[in-house]
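First chain A sits with chain B, and in the next complex the same chain sits with chain C.
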Partner chain A sequence: MFEARFTEASLLKKILDAIKDLVQDANFECNESGVALQAMDNAHVSLVSLLLRGEGFDLYRVDKPESLGINLNSMSKIMRCAGNNDSVTMDKVESADTVRFLFESPSADRMSEFHLKLMDIDSETLEIPEAMYHAEVELPSAELRRIVADLVTMGDSVRVSVSKEGVRFTVKGDEGSGSVILRQSTGVDKPEDAIHVLMNEPVEQSFALKYLNLFCKAAPLSARVQIKLSRDAPLLVNYAMSNVGHLAFYLAPKIGDEEDEQ
Partner chain B sequence: MCGRFALAYSRGQLERAAGTDRWRRTEAAPSYTYRECYNVAPRQVVPLLLSDAADAQRTLQPMKWSLPVLPWKRAASTDDHHHHHHQLLQVINVRAETALEKRTFRELMNKGKRAVVVASGFFEWYRGGDQVDAAAATTAVADKAVKRKRSVPYYIHMHPADGKPPPTDIATVAPMYMAAIYREYPSELNAFAVLTVAASDRIRWLHDRMPALLDTPGKLQAWLDVQHTSAADAMDQCAVPSTAIQWYAVSDQVSNTRNDCAELLQPRAEIKTNQRRIVEWFSPSKHAAT
Partner chain C sequence: MARGRQRRRIVEDEDNEEELVGQSGLEGGVDTEANAQPLVAGTPERGDKVIKRARQADITELLGAYSPKAAPGGKSEAVSSAVQEANGSSTETGNAAPAEDGDVEARPSQTHTATKRTCRSRSAAVGTAETSEADDTAASGLFTALATSDLEPRAATTWSAGTPVPYAFLAAAFERMSNTMSRIELTQQLCDAFRCIMESTPEDLLPAVYLVINRLAPAHEGLEIGVGDALLLQALAAATGRKLALLKEQYRQTGDLGDVAAHSRTTQRTMFSTPPLTVRGVYHEFLCIARASGRAMQEEKKRRIQKLLVSAKELEAKFLARALQGKLRIRLADKTVITALAAAFVWYGDAARGHAPPAAVRIESSTLLLKRVYNECPSWNRIIDTLLQLRDIDERLAEHCRLTPGLPVLPMLAKPCKSVAEVLTRLEGVPFSCEYKYDGERAQIHRVADGRFHIYSRNCEDHTGKYPDLAAQLPRALRAALADAQFILDAEVVAYDRDAKRTLPFQQIQHRARKNVLLDDIKTRVCLFAFDLLYLDGRSLTRCPLAERRRLLRDTFQVVPGEFMFAESSDLIDGEHIQEFMDEAMRHSCEGLMVKALDGAHSTYEPANRTQNWLKLKKDYLSGVGDTLDLVPIGAYYGRGKRVGWFGSYLLACYNADTETFEAVTKVGTGFSEEQLAELYQQHSTHVLEAPRPYYAYSEQTRPDVWLETWQVWEIQCADLSLSPAYLAGMSHVQEGKGISVRFPRLVRIRNDKESEEATTSEQLVEMYVAQFQHATRAEEEEGSEAVTEDEEGDA
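Showing the complex of A and B:
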């Protein structure tokens, strides 16, 4: 038996919106510590890693670890049937080939239930090395979303460079070029708007904007986002969900752009 | 598996890598002359390094890549050796894990028919994901290209000692020594097959098998030294997947065996692709989650 209840459907809706354009099918691995999902996009360029801790749920019970293979688009359709403030219970009995979604309105006068067929998804879990990153940037997630949305109209890839002056996003396209620089915040009157740049070593790497743009769909999950990067390593874009877990995206760099532009 | 490799060395470079300039002429190929090849495919003739039975000196000898063997069922049911040619299988790879369990290969191993393919690197085709090299190109056309399933060839070579990316000069990368077994024929070229092992964690994303690489001078010498290293010991040593390797994507041109030029070893990035894959850093874990 697996059973998990979220107080509000909106969280699950936001998570699905953030990943369903990147990944079609994925296994939700449920064990006593929580629910984890790890999946790559089709081109194997990026990796999504979701963790929902058991204690972050309203109710959480796993008798035996379960792997729920789910088509995220189908799940998203079902989740659209839930009101934002409805509570959501997902449950599955051991031998069942479906998972049940139970939505209850806050006033408990409306209940609906949906069953989603489970799939056998053949996927390997990737080992993510505990990397020491050369640079870390923490900024408002809306700010990152804005930068990426602006730059994606200009070109295919963005060069992200962290130096003493801050973090710079540069794009070059057929029509022209552009760049945005964010400096370390000095004042702390509004901590949620602050920009923190932590640099051990200067880093400069290029990434496909197409993927970053998809990652930014996770912005509603968290007011803040962390970006970590290293030379010759994937970029980490992490949305921490307080008390619940995190949604992290890894993106393989592009090579060659730096040489072209120097 | 290992079905294509590169032998990009000049004769002098090959001899240095092999540690010998002694060649054994064979009557089967009196006119054989060595020439570098960037795209060695099965059935081709390449020099193999072995230890001369007479004086245990390292010797280079041309052999043909593909080992004729009887199909398993037939081999088990016939004790005589009146084989018909059409019944033979052409084997290019032999699994190291089970080589000593199969009669044909065990016989060759017990007779000390061990040799080494000296290569500059080998090729493997990535089939796991969709093609991404068009992602950097422009909009609509690129989106279509991204969705089309295609395989991308990779060139795998030994990791340069200083850990830097591969220099374009092939001579500065350590040679690759692939363990092989061969069969001698009185009037034909000797035939060989490359031993394979489970791919090391570093390149399992690319393919689940890789050649058995003799990645230290000790392993190389032990494999060649059929006098002093038993078949079982030799097999134990070569069965450890090598991690001293590095790779990069190369042009699709290598897929056609008729192509043979230095450009085949050029990184694909210089040709077009510059998007790398996440699996180059994160490898599948042996234990499935939960």
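Showing the complex of A and C:
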């Protein structure tokens, strides 16, 4: 038996919106400590790592660890049937080949129930390298979203460089080029707008904007986002959800000069 | 890709093969079970040419009876004479006439010699699949080579026994094969690859075979990958992180998506290194891609392709891209695959029994067996399954894999004939029968165990859904005593006016949907004109003479006017009657006549073969060349004068199935209406290439103003075929340094029902060219030598 209840459906909706364009099918690994999902996109360029801690749920119960293979698009369709303030209960009995979604309105006068077929998804266990990051940047998630949304219109990839002056995002495209620089700021008036740049060593790497753009769909989950970089290792973009867990994205860098791409 | 298009006729002609084997000059297979009578043919100039001939006891036993040794510089001729000699079953001496002036002269005269002799020997021109025999004849060197190998399959495999075969192994083999010019080596390499797979991981053999032939399932299942260039390019861009525009540009320059994929150095790292691709994994993904359906179909296909490409290393990417495009370009005709597979199983079986290397004759007879079995049971699933279970290849295969209702075979085809006189010459001394050739659609109708009917097209496509009316009519045509009979019927579906009791032009039913036709929606009725029965209640009839098959056909079915009739036939044999019957057929709006050997060893049903035992005599053939040609425009020339602003003429090519190239045949500038010129200009302007594809064969003097993609097929009428150094179709097959071209070509119509790979092949052109010479010589001979004519008449 597996049973988990969220007070608000909106959280689950936001999570799905943030990952369903990157990953089509994924296993939700449920055990005593919580629900985890790890999956790569088709091109194996990025990795999604979701953790929902058991204590973040309203109610959480796992008798035996379960792996729920789910098509995220189908799950997203079902979640759209829930009101934002509805509570959501997911449950599954051991032998069942479906998972049940139960939506209950706050006033408890409306209940709906959906069953989603589970799939067999073979997934490799992915060992995420715990790299020593050369640089870490923490900024408002809306800010990152804005930068990426602006730059993606100019080109395919962005060069991210962290130096003493701050973090710089540079784009080159057919029509021209551009860059945005963010400097360390404490956000005296509004701490939530603060930009923290922590640099052990200068780093500079290129990434495909297409993926960053998809990552930024997670912005509604958290006001703040953390970016960690190191040379020749994947970039980490982490959205921490207070008390609940986190949604982290890893992105492998682009390689080589793009001289042949010009 | 058009359905069933990839299915090539196996037994038909591979001129390159002749050429290559001829060059090797290897001898072998002389002492086989066929009654070989060595006979020297040749003039002092060609003294080292030896042609051994055999009695045509059973044509299928014949393989290996010949051993032509090619004279230096005269190889194609030696082979060609072997072709001709093989037609006859005469045990007499055949004299190859001296060649006064090169090969062109030599060929017809030899042909002519052979013809005379065969006329006397009564079995005459009724060779079964003689072209293939000639190939096989010349191919004895191939079998000797296949029997010699020091491959240690276990040592040669990089993977451990029982584990999935890496796709990289197959890709590396493909690459080697694509760099191999010799057909013998090509076959050896393929055989070695098969042996490695079957010794280590036999369950991967079937997917490997499908990947080699670049198909997914038997033709009637209609499974095709169906991936367009655009989608492939998108997937490649997504998989490598490269810019789509750049990939497109490279594709335009190189013309080969495989090369673009192979050289797409990725600009994007991946999170983790991906597990290596396996043969079964790739085949499985291909199946999923082919089966993808529904709204998100394109998206799913792209996703799967991207996944494959991400895991692919250089060579793997190259052949994945080519396979998805449907063009492997490793020159693997079905025949080569069958030979390699048969040889591999001979080795496999012998290894199991601890034998020494197998004899060439065993490989030879096994190849023939496999070919025959494949023609009657065209399902690799069933054949490979059986072979792996037998762990050997012998007659038991034929017992397990037989003609089966529900598994369509390619129909037997007829050779075009130009005149009644030609029919008479070709079928001299053989009882034959003439049938109306109806203007309809060929249909093979199967009745399976559960009583349902399946209707298959000429290409084994499932047309059951196209003709619900036929399925409803058929039970009435079965005689009461045989109401539950299982059968395979060969017939023509013809549009029919039941009130006027006459057939209608084919166009009336041509536009029926391919499936899901509803009985109530049908306006034009069809009538089935049956002419052959291949299978009846557990018994394959293909080995029976036509006379018996026809008798069984009439015993099983009865005429239901307007629904089910027997093709009108006449067993008259003299020329005047044939002409009369032909005229009668024309009055009944038929296309012409089919003339078929009626009795004896040559009147069997040969699935997938185009033989001399069936001839077609069409009205259009009676003038001009035997058949119209289906050619592909590959280039165009800007028009002048009245045609300024359009393309004034086009460069046309035939298809060489063996090398997968398009070979230029002729320019055409006549037969166009003004509207057509304008329309064609508009259409083709969107298919212009910047450079010719690497698989276009042309000479500089015919270089067109613009190059075109191969997307259309034109039916071309011409006066006759000629030799020309400027065109590369069938280059050097007839005469060194010359290809085949046509004279006075004119456009008849655009063949929208054909894909470019279904165009006339260069082999067919060579054959037609040779045939043309035969007739010319024969006609002269008939005028010039009364003695021979009398002789022939006496025999008839």
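We adopt the following convention: the second predicted complex is superposed on the first by the 254 of 262 C-alpha atoms of A that agree within 3 Å, B and C clash if a C-alpha of one lies under 4 Å from a C-alpha of the other, contacts with A are read in each partner's own complex, and residues count from 1 in each chain.
Following the convention adopted for this analysis, a contact is a pair of C-beta atoms (placed from the backbone, for glycine too) under 8 Å apart; a residue touches a chain by one contact, two chains touch by 3 or more.
Bear in mind that the values here come from a model prediction, so they are computed numbers and not experimental data.
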{"item": "Fit or clash - chain C, chain B, common chain A", "value": "clash"}
{"item": "First, second, both or neither for A:L198, with chain B first and chain C second", "value": "neither"}
{"item": "Partner chain(s) touched by A:V93 [first = chain B, second = chain C, both, neither]", "value": "neither"}
{"item": "First (chain B), second (chain C), both or neither touched by A:A149", "value": "neither"}
{"item": "First, second, both or neither for A:N31, with chain B first and chain C second", "value": "first"}
{"item": "Which superposed partner A:M111 touches (first chain B, second chain C, both, neither)", "value": "neither"}
{"item": "Touch count on chain A, higher of chain B and chain C", "value": "B"}
{"item": "Partner chain(s) touched by A:C81 [first = chain B, second = chain C, both, neither]", "value": "neither"}
{"item": "Chain B versus chain C as contact partner of A:H44, first or second or both or neither", "value": "both"}
{"item": "Offending stretch of chain B which, after superposing on A, collides with chain C (from 8-16, 44-52, 134-142 or 224-232)", "value": "134-142"}
{"item": "Shared chain A surface residues [contacts with chain B and with chain C]", "value": "40, 42-47, 124, 126, 156, 208, 234, 250, 252-256"}
{"item": "Touching residues (chain side chain A, partner chain C) in the complex", "value": "24, 40, 42-47, 124, 126, 156, 208, 234, 250, 252-256, 258, 260-261"}
{"item": "Chain B partner contacts - residues on chain A that touch it in the complex", "value": "27, 29-31, 36, 38, 40, 42-47, 65-67, 124-129, 156-157, 206, 208, 210, 233-234, 250-257"}
{"item": "Contacting residues of chain C [partner chain A, same complex]", "value": "238-239, 241-243, 246, 265-272, 274-275, 303, 306-307, 310"}
{"item": "Chain A-facing residues of chain B, complex", "value": "128-132, 135-136, 146-147, 205, 269-270, 274-285, 287-290"}
